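Input: structures, listed below.
Look for chain A in each of the two complexes below; its partner is chain B in the first and chain C in the second.
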Partner chain A sequence: MDAVIQLLVNGALMGCIYALITLGLSLIFGVMNIVNFAHGDLVMISMYMAFWMGSYMGLDASLTPLITFPMLFLLGIGIYYALIDRTLRQKYVTQIAVTVGLMTFLRAVAQLAWKAQPRSLPYSLISGNFQIGSATIMTSRLISALVSVLVIVLVALFLSRTWPGRAIRAVSDDLDASSLVGVNQKATYALAFGLGSALTAIAGGMLMTFQQVDPTMGLRFGLLSWCVLALTGLGSISGLLISGIIVGCAEALAMGFWDPRARLLVVYLIFILVLWLRPRGVFGRK
Partner chain B sequence: MKNLRIVSLLFLVLLVLILPFFFRSNQYGMILLTTILLYGVLATAWNIIGGMAGQLDLAAGAYLGLGAFTTGTLLLRFNLTPWIGIFVGGLVAVLFAILVGLPLFRFKVKEVWYALSSSALVEVLRIAFIMWEKIGGPVERYLPSYGSALYMRFSSYIPYYYIMVILLFASLFVNYWISRSKLGYYLIALGDDEDAAEVLGVNVRSSKLKALVIYAFIVGLTGGVYACIYGFIHPNFFSSPLSTEVAILGIVGGMGITYGPLVGAVLLVSMRELLRANLGGQLESLYLVIYSVVLILIVLFRPRGITTLLQDTFNKVFSRWVRNNHAE
Partner chain C sequence: MQNNFILQVENITKKFGNLVAVNNVSLNVVQGEIVGLIGPNGAGKTTLFNVISGLFPPERGRVIFKGKDVTRVVPHVICKMGMSRTFQVTRAFASMSVEDAIRVGAYNRHTNKETLEIVNEVIQFCDLGKLRRRKCADLGLAALRRVELARALATEPDLLLLDEAGAGLNPSELGNLMDILKEVNREKGITLFVVEHVMQMVMGLCQRIFVLDAGELIATGAPEEISQNPRVIEAYLGKRAIR
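What follows is the complex of A and B.
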């Protein structure tokens, strides 16, 4: 029983970070209906940036999002204007082809810059652990999860309370009507893409406090976040957290009770089953 | 015009057939040619489900791996020659395609979600085969009887080249034949607009399934040969990069054009391999950076495929040629 609780705690904490990564993806997908295959690789790039700042500037990984967040935001806007904007009117196949090209590009750049071996940072300000009942909790995981939840809440507030946030929601609900009431469609798309990419910076920095990074990680995070998104459906932010936690727990349980290698197998099986049985997601509104 | 087409087609076929004689002593050249043809076969097969039916399938690696593992395991366990084994491999791939395709098309998983679920499938199989120690496992399993023609284990690449040529012509022919058949028109209709096609009486589900099955069979067959070429089987044959690349070659070459994916494969794979050979030494991944930039540029500026660019150029040159001749 203790083992189960321990696994569930770890899985749920990881799940919050998955929810944060997926929030970025769901912003982009929900607003532009664009499938960003490179989303997982943006997480990987943010992790490498955190690694760089950690090892060359002595900055703690948990603080790197302060710098990488604006950088990834600009990168996202750049990607939008350079690639996505040109393919908006094309078939979805072309859009996917462009983001797959971007995915290959980011992965190759990471391999070029950091070689293929995994990298990790030796320590973090928030490392250490403590005991609650029978479960041992890693401080870094707990704080990462809390930061993720906090950021998700902030983004939800941004989307519901501020003008640009409401513009994003309006464009995603009805493109024509929103341009009639004066929403600049292109700028809103760019904002959504930039914000969606920038959220990976926070996830990447927090992940770097307790994980290592290698260039093939993008595939894993990409499919993981698609799985969470498929489970959630579009438009539900609390659903995002619940699905993230479900996926994280399923992964942890598979790792503990079946085989460490089976962790992704279970995630992908959930993904495929959800697609077959509930193509609109479990918590979605669309 | 029609005569010219037939003549140029015959010329190309002849060129493909005699190409190995120029590379006889050049092992690297033969590997390169065989690799290009391998991707050409996969991308041409992909054209059936991806190009014509418009389903962005990213699971080529799944069928390839199943074909390779069936062929390899039959050879290792039962000493069955791959000449039969590859066909069993193709059938296993077909069985798997039906198993996957039935629910996918029944529950109307399409577009993005189809692409993602097929992409997840490759990873599922890869992990499952790593965990299934009886058949797969994390270590390569080497195939026996090196150098025996009876077991399709040639010591030179030239026979493999010709096997690939046969597979290529077969898949080109299947493509051409489908595009002229009722199924082909169904596929093109549902690729354009699924709901409209359904209203007009196209059986969307069974047409898609047929396309998927034909594609899976060709890729499974190729997978068996792939295992013999490499001389081992390993779960990494269920490769996501390969699967996305096959689809990208199809898109870049020109979806729905019979020889489009082949053109894409010839141009891009040879470019990639030459870049790798020339830059591979110091900067391992530089070739991938350049390769992906070229991919993105082609997709951005020629979304209908690089083949349309060639066609346009050909038409321009040809019409100028005709005009000049008439002027004389």
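What follows is the complex of A and C.
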């Protein structure tokens, strides 16, 4: 029993980070209907950037998002204008080819730059652990989860209360109608893509406080975020958190009771099951 | 501007594959007037509106708005220049509240702080006070049409295109809408260009009417002239009515 609780605690904390990663994916998919296969690899790139700043600049991983967030935001905007904007009116296959190509490219760059072996940072400001009942809680995981939840709430507020946030929602509801009342489609799409990408910087930085990174990691985060998004559907922030936690717990239980190598298999099973039973997600609108 | 035309449509042709939806249409709208565009189903009215508002680039011809060629200008820039519109099939922002949807329009000319004031004014004008916090997806047709009108008004246009704003409304809702539109024209000085099937509304509202049939402009004139024009009667009732 204690073992189960311990696994669930770890899974739930990880799940909050998954929810944050998925928020970025969901923003991009919800607004411009683009399946960004490179999203997981942006998380991987963010982690490497955190590793790099940690080892060469001595910056703590948890603080790297202060620098990587604006960098990933600009990278996202660049990707939008260079690649995505041109494919919006193309066939679905073309869009898939472009983001899959980007994914392969990012992975190859990481392999060239950092070789294949996993990297991690020796320590973080937030370290140690404490006990609640029978469960041991790693401070770094707890803080990462809290930061994720906080950022998710901030993004939700941004979307509901600000001018650019309302523009993003309007464009995702009805592109033509919004452009005819003055919303700049390209700028709004670029903003959504930039923000969606930048959110991976926060996830990546926090993950590096307790995890290692390797160039194939993007695959795992990509699949995880697709699974969480499928479970959530579009447009529900609380649903996003719940789905993230469900997937995180399922993954943790699979690792604990079955085989660590089964983690992705379980995620994939949930993904298929949801697509089969509830193709519009469990928590979303429509 | 040398003349007082707010909108000039010059030889517009729009095709969908082999179908010529709008065929060499030219027309002018004078600053401050209310003009109507009528015609049987499939005549090309909505398509012409889509060309004017920048959604569809035409194969031929030019659209001149306030003396500037806007034929290939993107919709949000045309909106900034002072043109907005509503849709035949309502397209309010489904997931947003009435207030937020209108606010999106208000950002066209105002900063965040000022928009609230505009939104309040427009909401009052269109009688949406009770519905302001409701979600657009939950509203009925008459309310949605008013939300679309309010959203367009919030952009502070000089020219407003209304595509069948009266369709599906009952007589009292229609009366309400006509009152609002007359006020929009008289008090805000907004030029109205309306596509309409409801004859009562066209006749009661418009000073001039254009008639489109199978993509071609077949008549222009005051409402009384139009209702007696044999070509118009033919287009609406079929050839047999003439013989």
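One rule holds for everything that comes next: the second predicted complex is superposed on the first by the 286 of 286 C-alpha atoms of A that agree within 3 Å, B and C clash if a C-alpha of one lies under 4 Å from a C-alpha of the other, contacts with A are read in each partner's own complex, and residues count from 1 in each chain.
Going forward, a contact is a pair of C-beta atoms (placed from the backbone, for glycine too) under 8 Å apart; a residue touches a chain by one contact, two chains touch by 3 or more.
As the structure is a prediction and not an experimental result, all values here were calculated from the model.
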What does the overlay on chain A give for chain B and chain C, a clash or a fit?
fit
After superposition on the shared chain, which partner residues are touched by A:100: those of chain B (first), chain C (second), both, or neither?
first
Which of the two partners, first being chain B and second being chain C, lies in contact with A:23: first, second, both, or neither?
neither
Vertex chain A, arms to chain B and chain C (CA centres, degrees, nearest 10):
90
In the superposed arrangement, does A:213 touch chain B (first), chain C (second), both or neither?
neither
Output check: A:32 vs chain B and chain C. Expected answer is one of first, second, both, neither. What do you get?
neither
Would you sort A:167 into first (chain B), second (chain C), both or neither based on which partner it touches?
second
A:246 contacts which: chain B (first), chain C (second), both, neither?
neither
Which partner does A:235 contact after superposing on A: first (chain B), second (chain C), both, neither?
second
Minimum C-alpha spacing, chains overlaid - chain B and chain C, in Å:
16
Could you pull out which chain C residues touch chain A in their complex?
53-55, 74-76, 79-80, 84-85, 87, 91-96, 100-101, 103-105, 107-109, 111-112, 115, 151-152, 154-155
Contact footprint of chain A on chain B as seen in their complex
50, 54, 56, 103-104, 107-109, 111-113, 115-117, 119-121, 123-124, 127-128, 130-131, 240-241, 244, 247-248, 251-252, 255, 283-286, 288-289, 291-293, 295-296, 299-300, 303
Over in the complex, which chain A residues touch chain B? Could you list them?
35, 37, 83, 86-87, 90-94, 96-98, 100-105, 107-109, 111-112, 115-116, 219, 223, 226-227, 230, 259, 261-262, 264-265, 268-269, 271-272, 275-277, 279
Considering only the defined contacts, which chain A positions touch chain C in the complex?
160, 162-163, 166-167, 169-170, 172-174, 176-185, 235, 285
